Structure formats: C-alpha cells, structure tokens
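Please find the structures below.
In the two complexes below, subunit A is the common chain; its partner is subunit B in one and subunit C in the other.
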Partner chain A sequence: MNGSARDRATAVLARHGTLLLFLLIIFVFGTQVPAFIGPENLGNIIKQASFIGIAAVGMVFVLLTAGIDLSVGSVMYLGPLIAGFAMRDYGVGVAGGLVVAVAAGAVMGSINAFLIVVLKVVPFIVTLSTLFFFRGFGAYLTSSRQFDFPEEIRTFGLSSVLGVPTPILFFAVVALGAHVVLSRTAFGRQVYAIGNDEAAAAKAGIRVGRVKAGVYVTCSSLAALAGFVLIAQIGRLDTGFGEGREFDVIAAAVLGGASLFGGVGTAFSAVIGATMIQAVKIGLVFTGINLYLQPMLQGLIIFAAVFLDSLRASRLEMLRRRFIRPR
Partner chain B sequence: MKRISTLIAGAAFATAGLGIATPASAATICFAFQDLETEFWVAGHTAITRTLEEAGHTVIERNANEDANRQLEQVRDCIAQGVDGIIIIPQDGESAVTIVNEAQDNDVPIAVFNRPPSDLSKGIVVVADNASIASQAVDFLAKEAIASRDGDGKLTPMIIVGDLGDPNAVGRKDGFYAALENYPDDFNTPIEVASDWDAATALANLEAAVTANPDIDLLFTSSDFLFPTIRSVFEPRGMWAKRGEEGHVVMGGLDGDATACQLLKDGYIDSTGVQDLYFEAEAALSAILAAIEAGEAQPNEVIEDPGFALTSANLAEREMDMWGCVLLSEGFLDQ
Partner chain C sequence: MTTLLSFQDLRKEYFGVPAVRDLTLDIRAGDVVGVIGENGAGKSTLMNMVGGVVQPTDGEMRWQGEPYRPRSPGDATARGIAFIHQELNLFTNLTIAENIFVDQFPSRFGMIDRPAMRQRTADLLQQLALDVSPDTDVDSLAPGERQLVEIAKALHRDAELIIFDEPTTSLTPRETARLFETIERLKADGKTILYISHILGDVKRLSDAIVVLRDGELVEQGAAADFDVPAMITAMIGRALGGLYPERTSEPRDDVLFSARGLTQPGILEDVSFDIRAGEILGLFGLMGSGRSEMARIVFGLDPLERGTLALQGRPLTGGVRQRIASGLAFVTEDRRAEGLLMDAAIADNLSLVAIEEFGRTPLAFLDKTRLARRTGQMQADMLIKAGDIRTQPARALSGGNQQKVVIGKWLMRHPALFILDEPTRGVDVGAKFEIYALADRLAAAGSGVLFISSELEELTGMCDRIMVMNRGEVMGGFDRAAFSDRDILAMAFGKRVPADEVAA
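Presenting the complex of A and B:
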C-alpha cells in the first residue's frame, strides 16, 4: 500500500472511528455471549437507549451553542408528573398526556432560557438551580410519594408499530427531526454559528438570545418527552426518577462526538453515544461481570471511547493539512 | 390524610403502648434525613416527627437531598443551634460515621435511623437486620420454587441488587445468598442485576438479563418499589402471572410497602421481607429521649429490628403487622 492509499484508509477509519468502535463493542460482547447480537437484544439496546438518547439529542442543541443544561434529570421527572396529574385528575388521554409533558418541558426550558438570556446568568448556575427547583416542586406536588399513572399509559408504552417498539419510534423521529433542523434550516445554521463564535454571529445579524432560548426550550421539551416515554413503560413515577441522568445525557452527547466547547456535533452524535453506552451496560449484564466491577468497566470503556475519538479527531486534522512539498 | 392519620395512629401507638421515655422538659431534636423518596422513608419521617411533636418536643428538620456533605453541614448547624439531640437518616454508611463522630465530639447524643454507619460502635444505631429479613423472605421463595419444580434440574435464581454503596442493599444481597446456600443441590449460581435503586436502570438491566436468561425460576428484588418495573419486563413475556397460573415466577422482595401487600394478596408475588417501621421509630425516639433525660452525651447502643417475612402462607395471620398493609387498608394506593 503506497502512502496515498494508506492516508485514504486512515482517513476512512478516522471519519467512521466512532461507528467502528461501536461495532467493535458489539463484536466483543457478541463473541462472549452470542445471544447479545440476537435481534431481540439489539432491539432492547436501542429501546433502552431511547430514554437517554432522546434527551441527549436535545442536549446536543445546547452543547452546540457552548451551553450546558444540568436540569434535564429533573425535567424528566417533573414533565411526566404534570402530565400524570392531567391524565389522572382531568381525564386527559395518553396522547394528550404526551403533549402536556412536552409543553411542561417547554415551560421549564423557557424558565431556563429567561434566566440565561434575559438575566444573563451563566447556564451552569441557572440549570444547577433549576435542577433542584424542578425536583423540589415535583416532590412538593407528590409529597414525595410515588405517582401511579392510569393503566392505559402502559398499553401505550409497551405497544409497537409493525413490530417496532414505540420508544424506538419516538427515538427515530426525534433524531431525524433534529437532524433536519440542524442541517437543513436557518435555525440550525445559526446554532452552529453561535457555538463557533458568538460575537461574530451577533455581528452577522443573528438574534443570539432568541436562538439560545430556542435550544434550551428544545432541550427541556425533549427531556420531558424522554421521561414520558420511559414512564409509559413502567406506569409509576418515583421521586428519584431521572436523578443524576443529566450526566448520562451529557456523556451520551459527548461520546457521540459533540463538543463541550460548542460548534461541533450532530443529532446522530447523541444516537450513537446513547446506544453505545447502553450496549456497554447491557453487554456487562450479559457477560455476568461482577456488579462491583461493572461501573469501573463502564467508566474505562467510555473513557477509552472518548480518548480514541480525540485521537481520531487529531488524525483527521492532520490529514486535512495541506503540504507544500510531497511527503 | 388517611395515610397521615394512620401514621399518627401508629406513632401514637408507639408512644403510648410501647412506653417512649419522655424527658421532664421539652427537648429540641434535630432530625436530619437524606431524602424522602420512597413510601418507607416518608412513613418513617412522619412517624418520628409526629411523635416528637405530639410529645411537646421541638423538631428541627433538615433535608440533605441525598448529599452527604450537605447533611454534615446541616448537623453542624444543628449543633451550633444547641439542640438537645440528633436523629439522622444518613446518605450512606461512611458519612454516618463522620456525622456521629461530629455530634459526639460536641457532646450531643445522636441516633441513626435504619441506614447503619459502617462503624456500629458509636451512637444509637437502630437498624433492620436486612440480611436476616432477606434470608427469611428468600428461604420461603426457595421452598416454593423447589416445590413447584418440573423434573430434577437445578433452578435458576435472579436477584435485583440495590445500590452497593448502601449497607442495606449489601445486607439484602448477603441474606439472599445465605438463604440459597441451604439448598446447594437445587439452585444454579444466581444471576445478579444491578438497579442502583433506580427504576430506569433496573428496567434496562432486567430486560437484558431476562433476554439472556429467559428461564428464571425465582426472582428476588432488593426493594419492593421495583415491582412495577419487573411487571413491565415480565408481562410481555407471559411471566407476570398469579400463583398457580402458567408462567408464574416465584417472586419476592423486601420493604413491606403497600404495593407489595397488594401483589401478595393478588398472588403475583410470594413473599416480602418486612422492616418493622413503627418498632424502629419508637426505638430511636425512646433511646435518644432517654439519653437526653439521663444527661448522657455519647450514648452508644445498637438496636436491631429483626423484621419478618410476610408470605402467601402467613398472610392471613400477619397481614396487619406489615406497615404497607396498614397503609393499603387505609386506601393508600387509591389516593
């Protein structure tokens, strides 16, 4: 293989490194336990990844603007809870409940957006505060009791369309919709522009505040939808639901290639990241690894994935350089 | 309101019937709890605060929202306010040791409710014997599974484990294994499923575990609050069935909550280990108030709740000994 062919091969490997790593993880666990790569389990991986994945798609919007939203775990709890009250006390159906949950998420996102855009408080502090506020409000509404949803929500949560489980359908629709918004609309281009250089974006006439508000509303709406999709499978909401999930959501987005510094990432980043994390978790269950070792192995694998991804990024950067003299 | 009145009644029963020591003058008690996320913690919190207030004591409540460092600061704040005694529900066993030492160094008697410190030698420690309670519940499940076995093959048990940073979860896991060790020829190596006390984690891991091992004969969940999660995994697979019906998996849990009581009555589960909540609350209050009365600044005592297993066999006799069944009888699940 001459130098040029090797460079091309390296470029292909580098461009698709994350996907290849994902396939490697599937392959390694599959060789350990063949049932891991069975269609039922692969479907389970995507279904269980949908909870974090839907929220991670929303988080990608925020990360693209170099922001952060730490309140998603609490929104995952409070959004479905408000929907549950609407369903139980006002006879709203499942579809109506879903709309209420997303609307509640949008309201929570608007609160974050108001504090960040209008009052100019940094997103980390705002969303850390609302993390406690939203959860505390939910605990107040329920007096810390679990909330039982009407039975029909489980029928919805466990249903499937043409053999595809409902959570996977929601995940797919959200990911595709987000991809279209980010890659085919003016709003999407403005999100990237703000993440790359906010001052330059403002000078170019982009209404930075409005776009930023939009990403926080999107993030919270999708977090509430994610919570509703998961709760629809269980039928009961506990006070601890969603707690600490903000870190899983951020990890999924970053693992898929989104940058914490803004401007880099796609909707599919979140899909790949969330599915990869879930594949690792389920792989550890399949292989029967000691429970004390599982968190450590998860941490190591995720670190290795991000580390390899950073190597991949630097390699890509090197390949893109133009050389005056042939090497 | 019915639930609260039940808890007040339970607490009042504990105060009057079981003879809580009450100091001659009203005391100020700091009650610092880690959070109120399950029926058990809510019921325990209510029993303690109501009983103290009914007896004329002042209660300073502090919620740490699952932050051990915050709880330590809250306890320091209570000490600075000059409280007469402290009752804590700690976040974990390690932080409990630090908080107990902090209180004792400042000559304030302290009692630890239900979640034991990793060092039991200091403070008043009221703790359920989780290993023993789990063992009682699992022993019944093992006998049921063996009795309903088809053929001579070994049975496959599964355990949903709690957060392994929580001593209660570790005790329950130990009790599960201890019970199965009595039947070495009847059970395969148990399958462990992590839950981290989180329904979403339990859902994902249990679904994976059941896909990998579809022929489970016995399931024990380390907490009753996960039964709705188990149902959502088992039901589509035809494994959520009543005793005597095709597909029934011998199943049990631990806590003794209202849902478990209902499921036991309906026949979906076979046993649950029960922590005697009212005994534990009464024991913590009695001990701390007695220490205050005696002027004892560093009382050290371990009070163990032996608990029991409510099973399909003793349900009729012992139903109302379980706090969850008391709540259920008051319409807790209908509210």
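Presenting the complex of A and C:
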C-alpha cells in the first residue's frame, strides 16, 4: 500500500534524522565551497570537535539520568590549571599532568555528586553554584593572570600517532570506552534505568545514589580531560578559558539525540552532535558569511536540529499508535 | 500443609487511627488466597506491612515459622516475597532481560555476561509461555506481556509468595485469561499467591481461600467454595446491598438527542451510526481493541474523523473540543488519574475546571470566588463527595469512587446534554459503584443522554436501556433491554454479526 510505504520512509527518516541532517549540512557547505569536503578540512573539523566532543560524552552520562551539569566549562578550566601547577612547580611530566587533570576533574565531580546525592539539592542549582566556585577558585590561584604551561606540553598536544592527531585519538578512545560502559556494564544499564524511572529503580534495589554519583564524576573527569587536550595544543591558559562552553557541550549532546528528560541517548550522540556543531562553525567561516551573523546562524541551526528531533519523536509516536482494523 | 505466612494480632495505626486492627490470619503454603474488601478496608496497609514499606504498630508477622520484621522492600524481596502491582515497575528503555537482571547483572571480566542473561531469561519466558526474544525492548510490549515480565522477575528471584494487586485492570480479556493460566501454573509449581481484586468473579474463580477485610478487620474467611459473589459483597460492605444496581427511575423519551451517521476513520472506525434519545442510557460493549474508547475520543473531538456526521440536539457537532463542550458534550475518560483530574490540585479547583469561564465578572473576567465556592460546595453536597475541606484537599487524597464523582461533578457544573462515560467504575469499590450507577440514572432522569462504555457486561445489562456492540471498529448490532442476553452480546463482541436494525433506529 502507498500509505505504508510512505510510513516506512518516514520511519527511516525519523530514526536516522540527525545523521541525515548532518550529511545534509556537509553536502550544502560542500557544494558552496568544495574545499570544505577535502580530507584535510574534514580532519580539521573532527580535531576541533574533539574538545567539545569529549566533554559531551561525559554530559551524555548525566543527561541519561535526567540530570544536568552546568559546571563543565569551569571544570575545563580548573582541571588543567591544577595540572599546570603540578607540571610547573613539581616537575610532573605531560602524562602525569594529564592524570592530575583528570583526577582533579574527578574530585570536582565528587563535590557535585556529594551536593546532589547526599544533600539532595537539584543538579541545576548545584552545578550552577560550582560553575562559579570552580572558576573562582582558579582565578584565586592565578590572581586572574594567564598561566603558561611548560613548552613540552605543546609537543604532546600537536603530536600524532600513525598520522592521526592526538586529540582525535583521545576523542575516539573516550567515545568507544563510553559506549562500552553504557551498553555493556551493569553501571551503564542502571544509568538508563534511573533515567527511565528513578523511583522504580530505587524499588528494584538499584543503588541509585551511587550510580548518580558515578555519572557526575565521569562527566567532570571527561570535562577536565577535554580541557587538558585543548590546552596542550595552545600551551597557555587564559582566565576565560572554557567560559560558556557548558552550553556548547549540552547542545552537542542534545543535538546528537540525548534527551534532557533522561533515559535516551548514546555515547555516539555526543560524537555526532559535537562534530555537527563544529562543521557548521567552520562551514560558516568557509562560505564567508558576515562574521557577526555567525552566532545567530549557529543558534538557528541548533534550534532547527532539536526542533526536527521533537517532530521526529512525535512522528514515531504516531507510527506506533495501534490500529484496530486494516486500513 | 504448612503455614507460609502468619499474622498475629497485627495492628497498624496512622496518627492514632487504626488502618488494620488486631488481624490474625494464617496463609498456607501453596494456596491461592483471594483478599477482598472495599477501598480503605486495610488491604493496602496489610500488603505494605508484608512488603516492608511500613512497619506494624503492634503484633507480629511470621514467615516460614520465623519472626518476620521487614524494614524495607529489599527485606521482603530477600525472603522471597514478590509484588505485582497495578503500576508496573519496569524500565521501558531497557530490554526484557535487562529488566529482570537490573539490580544484579551477571558479569564476566567486568562486562555484563549477555549470553548467560539471555539464556536465563529465555528459560523464564518459556516457563511463562511468553514467546518473545529476551532482547525485546519493554517499550514495545503490550500491558499483559509487561506483566508477565514482572512475573518472570519474581520467578528469577525464587519468590515463594507472589502478591497480585489488581492485576487485571489494564489487561484485555485475552491477556486476563492468560494471566489466570499463569497463576494456575505458578500454583502447580507450589508457589503461594495472594490475589487482591475488586472483580469478585475472578477472585472466586482463582482462589482456594478467601479473606474479607472491612474497616481494618478480618470479617470473614473460608474456602472459596463457600462463597458466592453476593455473599462476598455482603461481607465486604457489612450489609446486603439489595441488588447491585439501582432501580431505573425513568424511561427514555421519544426525541433523538444525539445522532452519529457513517463515522469512518481509516484504521479505527468503519461506518458507525447510532442514536441516543433524551433520557436514555446507551451501553457500548466491546472487547479491548474494539474501538469503543477510540470512538468516544472521536465524538468528543480529540481525534480526527475522516467521514461522517454528528449532531447533538439537532445541531451539527463540529469543531474542536472547546466547541463541543460548549454544545453540551461531557466526557468522563477511562483514565481518571491521567486525563480526568488534576491529581495535586484541590477538589474545588477540579470541580470548577470546566465551567470556570462562567464565573468571570467584569470585562477582565476576574473570578467571582464567592459564587464559585458556593457552587462547588453545592456540588460536593449534591454528589455526596466524601472529603474534608474541598478548597485545600487535593484530588489525590480521595478514594477512587469519590475521585470519579469529582470528575462527573466537574462536567455537571455546565449542565451538559450528553454524557460519555468511559469505564466510569474502573478501580472503584462496590459501594461507590452503586452510587455512580445511581448518578447515571439521575442524569438520564433529568433528560440527558448517557453513552455508557464498559468492559463489564454485567453493569451494562444492569443499567442500560439499550446495548450496542462493537468489534474491530464496526457496530455489530444492538439489543433492547428486553432482549439482553449475556451470551448473545458476548458472541457479537467476538465478531458474530446480527442484523443491526435496532441500533440506528
């Protein structure tokens, strides 16, 4: 029947809507400026997307439990900063610095987790407070001055393995690791369960507090790692580093298909979302659109993508409606 | 047989008010025990004590002869007690297997051991004759299948005692039959079952023993064979009800109030036509999935209609919900909690919801609170809504029957001409059912039309002037009161067609 063929088509469209939109964006920019789809530029997009992308993978964990973490921008700043002190003043190497940054992130995540899980304050308020607190602590440490990292960090940041730039490598490892954790471990599946129905999860004997603490620690650790990977390419840390990035990170995760209401999304949501945002940014530069119009266009494109997603959800809902007699 | 669970002078008080009083009872291993009682009789409190949700004020419980004092639901689970609630505790975004193992995944090298999990789940599903893959998302299962997943969960944890609390409310007749088969099978495997339900026929059919609670006390217990449904009702309400249904006090009038002609919506309805006269109660019977509720939604303007016409009091019924309410339609939906009430809003606010615009004053339509309070107060008295202060008490705090009265009262505030009642007595206890029937009779006596949709055939034959039967989105035929026959009506609901001459008379 004609109707059902059309239904099937919309079903396919609905299921892979984000991916198709992504390809459409690449295609449109590609026809405008052929260099946009050159391998060099595509590699560049992914490399630059890795910063937001790594943090967005962590954000997916939090969003899956129907939580939110607004402090990631500040964690991106404070984590690498503490690592910087360890490297400059205590002679810790680059690898050690990376570990320190991630550990510092984990500590910040634990603070968020403590306030959310033990003191039972809503995540939005907790992470809004720690957004100011973490950045403020960094400003105190540096007296709001730029912090210069030892030169060797850039050697690491600009290095590549078998022709693959280090940031992309980190991005890939983080995304794959997160995918395995979310889909193949008890912790991961319990994250999904909590996002679906927290009360039922508690009744089913899941240690809800522990799992929720885990997602905030994961999120902050990955945010700190993201910050460190980007700093390693720049070599210095400005006080404003990471400011406002929490919104890029949340937008990337949601754009890729994670729901703010919990229970829906995968590690790859973050990969697609972050890459898409970066592709738009670079595409706008390529097409030479007025610089001052670009943020507005970005805003529009993000809105359009999320709007399409909500259309998709209601469309899927309709397709699932039961008919009681043949049409 | 040995005693599995026993209560000795068990008592629970809330703020000094006893909900369960000095209850002494033994539950024998391997029995199916039916527990009945009106809402507020203490069934939930008793089950909550067994489940570790609340702790007794006094008295003692023994499990397999040992003192049993559960502090949390986890304690009950650990002893081998499982609950199958009305609202299921499943995660719709996970698979069946994941739901069963969600609190304790089998792991190998830190990863979930999927093959082991799948195998065990497949075994459990096979035991329950549920023929789906363990990897199916719960989201895509029908209510009856989801319930079987809950039962699989109980089996997985080696539950000895499985407590069913109103398990059939959201099931189709076929799913219900399957549930009963499952319960028989569990019994054959030596499991002990507590079965709580308002559907007394089911309780009688399933149970070995029946326990009747009233006002927190055990008023009667005995072998199921010694009870019949009237005896059960008498025990529950403490007096003979004098029939389950009130006398009809009026006859339908001659004028046609509402007519539907050729209603067609592909995939849902096919050429549905019928009339309702003023003062008539028209019953609409059909199995789950026959299109009863779908038709009600279409008539009310909630869902699209491709072809066909509707007329109320001689005027065509068109437009959206607002317009149809203004024309005189009222719709009491089958899902009272989600669609019929603002559960957390005050009763008075719920009552004034539909008619609120009539209480505007001045061009800016500030509410005339005095008049509104007077009318809602009147409505409470009129409808015999048993509540405290209706301006502060939320609808959630009422019993099912009183909630339903609030829903009907909310519509009555606007004096509608046609009432659509979709499963108005679902989840309502026997006493309150009677009051709702009496209310339907009052509406009809006042000249309104009533479309009474129900899956309980008995209440339709008890209350209606005519019954119309639907199957797969079509009207199969109809019966006048004199011609009511359970067997014929059921046969028609299952698809046996008879001349539909009387329906669209």
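Everything that follows uses one rule, which is that the second predicted complex is superposed on the first by the 326 of 327 C-alpha atoms of A that agree within 3 Å, B and C clash if a C-alpha of one lies under 4 Å from a C-alpha of the other, contacts with A are read in each partner's own complex, and residues count from 1 in each chain.
In the analysis below, a contact is a pair of C-beta atoms (placed from the backbone, for glycine too) under 8 Å apart; a residue touches a chain by one contact, two chains touch by 3 or more.
What you are looking at is a predicted structure, and each value in this text was computed from that prediction instead of being measured.
*Asks:* For A:263, using the defined touch cut-off, is the partner it touches subunit B, subunit C, both, or neither? Pick first, second, both or neither.
*Replies:* second
*Asks:* Quick one: classify A:166 as touching subunit B (first), subunit C (second), both or neither.
*Replies:* The answer is neither, since A:166 touches no partner chain.
*Asks:* Considering only the touch criterion stated at the top, classify A:203 as touching first (subunit B), second (subunit C), both, or neither.
*Replies:* A:203: touches subunit C, not subunit B.
*Asks:* Using the touch criterion from the header, give the chain among subunit B and subunit C with more contacted residues in subunit A.
*Replies:* B
*Asks:* With both complexes overlaid on chain A, does A:190 touch subunit B (first), subunit C (second), both or neither?
*Replies:* Touch partner of A:190: subunit C, not subunit B.
*Asks:* Just checking: does A:139 make contact with subunit B only, subunit C only, both, or neither of them? Give me first, second, both or neither.
*Replies:* After superposition on chain A, A:139 lies in contact with subunit B alone.
*Asks:* Report for A:44: first if it touches subunit B alone, second if subunit C alone, otherwise both or neither.
*Replies:* first
*Asks:* Please work out whether A:281 is in contact with subunit B alone, subunit C alone, both, or neither, and reply first, second, both or neither.
*Replies:* First partner only, subunit B.
*Asks:* Quick check on my understanding: which residues of subunit A belong to both its subunit B contact set and its subunit C contact set?
*Replies:* The overlap between the subunit B and subunit C interfaces on subunit A is empty, containing no residue.
*Asks:* For subunit B, which residues are in contact with subunit A within the complex?
*Replies:* Within the complex, subunit B touches subunit A at residues 35-39, 41-42, 65-66, 161, 164, 191-194, 197-200, 203-205, 207-209, 211-212, 225, 228-229, 231-232, 235-236, 333.
*Asks:* Per the contact definition, I'd like the list of subunit A residues that touch subunit C in the complex.
*Replies:* 180, 184-186, 189-190, 192-193, 195-197, 200-201, 203-206, 263-264, 322-327
*Asks:* Can you tell me which positions in subunit A touch subunit B when the two form their complex?
*Replies:* 33, 35-36, 38, 40-41, 44, 47-48, 51, 132, 139, 143-146, 148, 154, 157-158, 230, 233-236, 238-243, 245, 278, 281-282, 285-286, 288, 291-292, 294
*Asks:* Under the touch definition given earlier, write down the residues of subunit C that touch subunit A in their complex.
*Replies:* Residues of subunit C touching subunit A: 73-74, 77, 89-94, 98, 102-105, 107, 110-112, 114, 266-268, 270, 289-291, 294, 472-474.
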